[in-house]
């Protein structure tokens, strides 16, 4: 129900942005009409976020035209864009942890009584109004500190709504949201659309796009590829537009013969996060950890790998128990963990590709306790090339790489340790389809060579496609163990949500 | 200069480089004494320079002693922050031919050539005791506000004062000795603390110019004005208003200007080889006339002088 | 829960209250040892007078620290304005006291502006910039004053009397400090710009994304901090009557210490100027108490250090408990 | 342990995509990496200043200069080494000068008052230094408190204990053999003997920082603590180590200081921490951690030393020297901005 005759709220064409040598955006074009939800899709590094940041006034474009509500504009600061009526939800939540939820929403725009004094009561009341509209119950006075990622997103959304802007931009807002929360967000988005606002929605999840959006614009390598109404296109068409080639079918798990037990976890418990978790992973086997966001899967993985402590239970590799709360011990025992958050946990993005890939094997690279750049480069080169990392030299630092490439470096770093067990958390979160299938192919190859793999994923198809066995986690406990044969979407979702739903019912009531 | 002796000293004093190194800069007492030094050097036509640390610490002084040695100064006139800590440095300087004269505060005799003593310790001690005794009518509690707790001269005086009190003033009780480190704010707060702790204190004796000024100022606008007497060693300019407003009856001091003046002439005598610095040597000190080197290479300036409302206006330093 | 209840609970739980209690305890001890500590005109006056200068400095430092910055140069700034005060009286005979105070504040603000500009535009960490300007400002005043020193006799009586003047037994300097405190507290708690200070300190990157005028606010913080240091300089001259170029050495750390003890988080975003002020009072009162309870006041610095450590350890403990509460709150 | 890396062997098996890629090791030519660096800037500056001093400062080329110069910067140089490590991990240690003062006081008390020999007294003082560093390290690494706040506190605490123990008195009668050893020269030369331990320390720290997994770990911690933890770097222990090193070396410097000036006072070396930090940052170490190299730091220390020495000879007073150091300090942190302006864009991560 796009009303094409009205003047577009946002018009970008031929927009260009370079950062030093990197061309983030070659030819960005996007036209958004009021009363429309417009999807912006593309591989990692396609330039979506950059485009958004230009609209938001965070970056200034080097070339191209930028019209907002028919006017030519050039925002020199986010403040200008905001005042013009553009609200943006960025890829990563950006809150003030020390301040109350309410202040986070109204910072800089607090309702004022006479003498410029902030009217705290009015402010809190307004916040409560927005929360009821979003159907969440959050104490508007509590500090933002310690909110779950999901709740943090909710605040971001509340922020954007309270602006009541003409254009609302959401850059992968759902990446960390659970099903229920996504539904709520969509409801709000739709009602905003019906109020005649323009909405731009960036996501890598096609199901969401087809569910929510009426128009889709595709980008590739920083350039505009095309725009189509949602109902006139298909999943595969989109993928081809994005990648520029047919993508080899996803989830190509090739059956490998299962060997002896590698990892044994028994009665693992960490108060308040997970309890009594027991499972095994065998050589050549991919075990999937499914569950809702916040179920505690990452925590389990972190505890097994020794990054977090645990209160009770044992972790054994090849029958020998592994010292708790010591990644070093885990690494020496042959474990590797590719964590869920690349930029914060997976890599030291400010340092070079070579150093990153060498990071986990330094003690092995060292001779007589001494290590040299040469030895690091020697070790890193082959791995970078095996994973087809896109970089000009090993001395480039990872900061400017796109999500997909960073993930490749992170995986290379851990494969370099020659692990017997690979724990990989959200292997393809925020990664484009092209890279995605590469990663999947890699995983099954590794399994084929007899590596034991524990894969955490929030994407059901991925789990079902890749895993030989599926463990479903719900609120920190294993609620089901399903073989590849028995594992179906219904069974997994049921095991993952059963108790959640019960709780949510009474929460809403 | 006066007299043939001074005259020909002048002629061969032409090219003398003499450095004055006070305990610390920003201390009016040394400004005055060094001014005297400058005056003397003017007279015999050498070149005068003053350097010094910000805080009165020995390690601060060492760097300047070293520099003087590097520059090959002819003489170094210094008031020591520590009797032994700066000895090595001084001796290194003497090895490269720098004549070392200490004044106001001495080092151990074996690391300087001459010490210009402002007044015999006995003289200073008894002068202050007399002053305080007559101001509090021979009986009561007194406290001492000194400079740094290891300032050689101060401690020596305090010992002698204690002895003097023991001997001749049984009714005067010395209740406390505190240290203001020749730092104005610290001395000020120390005074406050003193009066706080000893509620029936009758007098504060401060054998340091910074201390006495701070004490006088605190008392002058506190409720203790008129009740607690302040005396000790001070400079007229700092003390003038407290003499005038009656906070302070009288205080003592030698003339620091003469002290520096004499030190400079002594340095001149050594640098020109006029004297060796041995006991009995005599040298001409410009307007102050002739002086004789005593035992341990000490030269005594004279007796301390008592400033009162009557005479204070005759002085400006 | 009603606002009243919440208010009461906050007051009881707050760091500020805790410190006030400690201060009262200290005073009680000191007084029990020596009546005149509290119950003599002099004791009462010193009790109020001694902390007043540090309060002004601490409030300034607090404002800067809240924006996730720090100003090490305030001690040197104090020295400059204190000496300037004296010079003005000497060089411009009969200059009105008000003019001198204003000039002092302005000069302080100017010096703060230099810091702020370097930090905000040069994108250089405040710790380094103000470490540099601390050297520079101190060096400047040392060069300017040389070994010269301002004596009480150089300054007009009426100005010096301000240092000890009392209104209903309350020293004027204390009143000045309290006014500064109230103004700062209102600004930070109840105005947009004030709250933005906290936001910027709490998460600078977010502040930029959010479109807050980060640069402007940071500069403001430094200017205000500098102005207060300047005012403190004038107060110093009035209180101590003598100004040497070494005035206020090490005060920057006292001020920061006071702020930290008062619950200002060293990396910004939380704490109140009330806390900072109470921290200052606590430090100074302990100073004066030590000799009375028979501890040589050389140990004062050790006590200050212990207090700072204690304060931040306490904060960490409370913070940990807090976030555990929030976690649990979310889990149900 | 193993002499060859397992990487290539294992990598053979895994092969994404068909084409192999070879990567250049560096994206910058060698001269760029060598000369367009903050370190090189500071070294060049040092050379210039030295040149200027020898040419135009009277007596600078004199025999005593080098001797006094080295004696003066010895403590600065010693402490700058561990301070570099601390700052590279993104922390800071403001308490070093206070530890110096404390160890100075303790050596005095142990030797002068208790009559222990200097080696024993020194060993005890260093032990205390290690404890002080340990306290800092514990609070920062294990209690996870911000080092700025912690060391502002311990700065006051340690200095307070030092001053508390001795008041303003000073202990001065040290065993002359040792005091003269502290200022003695190597053989006939004018070079003070203290350069030997200093050079040894420099060598040790250079290897530790630039050629060991531990050193690599320090950079990672400075960049991103969490990521370092995930790749098996023992963050807490590394930080603890850097602070203990800093405490121990500071105590050592304190002993040297005490013996050189033959006096042990509570306020010895007051304010030196700032000079040390100035020197380290001047040497191109990034205050936020993750960046910096030891040769730059050494140049930074020497620069401060040469400037002070030359200007003192010129009769310039210490306060002007301080102004110059301040200006240099600010300029030096501006420099990386300019340098990295020349170099590739890099995201401005600024938190500690």
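By written order: A, B, C and D. Residues from 1 in each chain.
Heads up, the rule we're going with is that a residue touches a chain if its C-beta (ideal position, glycine included) is under 8 Å from a C-beta of that chain, and two chains touch if they have at least 3 such contacts.
Molecules present, by chain and UniProt name: A = Sugar ABC transporter ATP-binding protein; C = Autoinducer 2 import system permease protein LsrC; D = Autoinducer 2 import system permease protein LsrD.
Predicted model, so just to flag it, every value in this text is computed and none were measured.
Student: Could you pull out the chain whose C-alpha mean position is farthest off from that of subunit B?
Tutor: Centre of mass proxy via C-alpha means gives A as farthest from subunit B.
Student: Between B-C and A-D, name the chain pair that shares the greater number of C-beta pairs in contact.
Tutor: Between the two chain pairs, A-D has more contacting C-beta pairs.
Student: Could you put a whole-Å number on the gap between the CA centroids of subunit B and subunit C?
Tutor: The mean C-alpha positions of subunit B and subunit C differ by 38 Å.
Student: Need the CA-centroid distance for the pair subunit A / subunit D, whole Å please.
Tutor: Here the centre of subunit D sits 41 Å away from the centre of subunit A.
Student: Between subunit C and subunit D, what is the separation of their C-alpha centroids in Å?
Tutor: 31
Student: Where the centres are mean C-alpha positions, what is the separation of subunit A from subunit C, in Å?
Tutor: 44
Student: Which residues of subunit C are in contact with two or more other chains?
Tutor: Within subunit C, the residues that touch at least two other chains are 142, 245.
Student: Using the touch rule from the top of the page, what residues of subunit D touch 2 or more other chains?
Tutor: 167-168, 317-319
Student: Quick one: which residues in subunit B touch 2 or more of the other chains?
Tutor: In subunit B, 25, 54-55 touch at least two other chains.
Student: Can you work out from the touch definition every pair of chains that touches here?
Tutor: A-C, A-D, B-C, B-D, C-D
Student: Where on subunit B is subunit C touching in the complex?
Tutor: Within the complex, subunit B touches subunit C at residues 25-28, 30-31, 50, 52, 54-55, 183-185, 188-189, 192-193, 195-197, 199, 213-214, 217, 221-224, 237-238, 240-241.
Student: Touching subunit C in the complex: which residues of subunit D?
Tutor: Touch list, subunit D to subunit C: 92, 139, 143-146, 148-150, 152-161, 163-164, 167-168, 266, 274, 277-278, 281, 287-288, 317-323, 325-327, 329-330, 333-334, 337, 348, 350-352.
Student: Enumerate the contact residues on subunit C facing subunit B in the complex.
Tutor: For this pair, the touching residues of subunit C are 34, 36-37, 40-43, 46, 50, 142, 145-149, 151-153, 160-161, 163-164, 240-242, 244-247, 287-288, 291-292, 297.
Student: Tell me, which parts of subunit C touch subunit D in their complex?
Tutor: Its residues touching subunit D are 70, 118, 122-125, 127-129, 131-136, 138-140, 142-143, 204, 245, 253, 256-257, 260, 266-267, 296, 298-309, 312-313, 316.
Student: For the complex, give me every residue of subunit D touching subunit A.
Tutor: Interface residues on subunit D, with respect to subunit A: 1-3, 5-8, 10-11, 13-17, 20-28, 207, 211-213, 216-217, 219-220, 223-224, 226-234, 290, 344-347, 349.
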